[in-house]
């Protein structure tokens, strides 16, 4: 199939807006399903407002393919550099979630407190643009800075960006949306728990067990719910993975 | 009467979703009114999306009766083990309330701060799956782990689950929904009060007095309100109990 | 005029529900405009659900006048005792606002941090039912306990009730609704500020200046707004007071 | 063009209400586009309720021009004094944002934690009416007090008002609305981060870089989003500034 699932990508934008992960800013992309050297991302527009015609295609250096007069996001390079570095990644979210940002501007590490949130892994790095680029407007508007961020992300699912937000990478659009929403929830839970005393985090073994046993059905159940909340049609997918039975 | 109140169970699901006690995950069940060796629980679907046709029946070991191709919740065993151990329990909620979870991952006990929330009792145990089962994905997907959780719950109304959520057991569907919502409120209140200094909790005598004098009308008044908020019809019930006069 | 403004009282109920001051519980009453020895209060029902036909009349000892089969609130005595003790009071709210409750269960006094919230006065007492009545279910269901609460309130606008909620008394329905909502806001603000360090409260002179210069127009502007949010028609009133010019 | 953009000003009011920056109180004004010695501001009404016919015009001393029986805000002098002192300012917001107020009543300075919020600058002064005017009702209802506030604001974009709220000044209506909303977000983020430890704020160089590179398109993208949330039509503007390319 050559035609990318633009409607699904619109739905992902609306879901992230409805769940408070993005506001006027933040974005979500997919790798093109039949052209892995491209990714699909909206023109520069608030996620809540995006329609299918807004979806553009980009090369892995962030160059727009057939822009048709549409203005791209200045920070499309975030997506480009992650797809460039990580062939297995098929979807990326960049957001400014208000729950997550506090963990990027303090020395408290964000760590998984709950099974649903284990996808962040046992270690979430904080990338600081100032380390290699000095005083900037913090926007990632060119490949060198984007590649520096992608290097900080490494093989992980999540990296925080100091004074800015975070990136989330995943193997599918439903997975990356799921992970961005539960990353936000984990941050909310950890913030609250911090006021009650020392926290028992998930052990490394628990995180590994969650990741190993998770099936696509987990993402499906949530996706149907989020579609309903966002007022978008739900398009069911066949189940995959160890718990799909 | 042989036909279980499936519409009421759908309403309970929608109420718990509307009040933020469940999101895409979490579930509520009832013991079958005429077959006490069965319970009724939706197929694996987000509570906000559930319809009457989604309600399945299960034996007290979690085996589906007449599944008709419907996929059950992997964690139906939580309900099974509580109904098995507690003949007087007629409804069970399992949820991941974001207000409650912090009390399962810190050493601060959840205790009643307000009369509406006394149903949790004076002691709320925290069950940790790691104690007897080691590093797992924390899901309760078989009877041995579910029975261990039910044993930790004992004769109480509420048990927290470390890094996961909680279970709430009650004598009726309206009571268990009420208790799950006010458990969440108590957690919210206790979290806020923790920032202001030492808390005066309800005394044991106060908790006992609340439980002794509570009538079914308390649950009715709240149920009508929650039905209205959830956009569900309200089906009034005759009052029972000491304050029904 | 003999006919009390039942529609306005319904609106007050809906506003308090919409603004989160009451949930399924809590209530608001007015003194009968032409029979000052009576007050008007809904039958026992969630404020969000109340209709004009639900409004009952009571004597100042809490006895229902012409109940017509309607079940009154068990705690109507709270209203009765305040009207009995305070001839100038024409409206009363009792609520369980989640922002306010933490100040009733800790030693941190609730004090005005902002001009809009000065109506609580410079001192907000906390009434504890346990002091004179021991271990109870905390409900104020008879005149002796209600009179004890009214005595704690004294000439003030607000008293907190430990482990329960608060009462707010005012010279008009619009004023008491305004004061209940801004009491909640003050509690919210004070809770947040408590995490940032020592708080500069309004001085006694500032509180006195706010109360002295406040006109009915302040309540009107807010009432129109709250009516719109609650989906209720707005019935404008002529302005009174020092700033009405 | 002589006719001021009243519809845009109504939209600004509705956006600020929808985003929780104003409630029944607070206001937003623009300098008259063709008569710079006038400003446009609603009659005294809650921002959520304002219609185009409510917009009045005022001289820079707060005198109403052609009031037509409409009652002005008692605090219109806040706007008057800022337009009088700052010829480059074309829009002003005064609000009581619940996230911002805690920073006006404690010694913790509000400082930018995130690039979107850099418009507040590196220093946000707190103006205390008590310093020069003693115990008042805190309302700024005459020019002397308003000029004192404007002097505290100086050349900055934001000043907090102790026990009251804040003022935000900008070069356009879209900019000032943007800055008021992201000021609120910064306050929310800083409050949360304060519970996690010492905060890394934006450096002075980063704040300068953000301000220098910001284009009008940033405000446009957000304005379209906020219009949609507030149920108002979006009127697109041509882009200006360094990043508009």
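Points to keep in mind about this one:
We call the chains A, B, C and D, going by the order they appear; numbering starts again at 1 in every chain.
Keep in mind that, in the parts below, a residue touches a chain if its C-beta (ideal position, glycine included) is under 8 Å from a C-beta of that chain, and two chains touch if they have at least 3 such contacts.
Quick caveat: nothing in here was measured; it's all calculated off a predicted structure.
For the copy pair subunit A and subunit C, the superposing rotation over Cα atoms measures out at 180 degrees to the nearest 5. The most distant chain from subunit D, with centres taken as the mean of CA atoms, is B. Each chain gets a centre from the mean of its Cα atoms; for subunit B and subunit D, those two points are 46 Å apart. Here the CA centre of subunit B is 33 Å from the CA centre of subunit C. The set of subunit B residues touching two or more other chains comprises 195. Contacting chain pairs (ordered by label): A-B, A-D, B-C, C-D.
Subunit A meets subunit B in the complex at residues 113-116, 185, 188-189, 192-193, 195-203, 205-206, 208-210, 212-214, 217, 221-222, 224-226, 228-229, 243. Per the touch definition, subunit B reaches subunit A in the complex via residues 23-25, 44-46, 48-49, 71, 74, 96, 98-99, 101-103, 105-108, 130, 134-139, 162-165, 191, 194-195.
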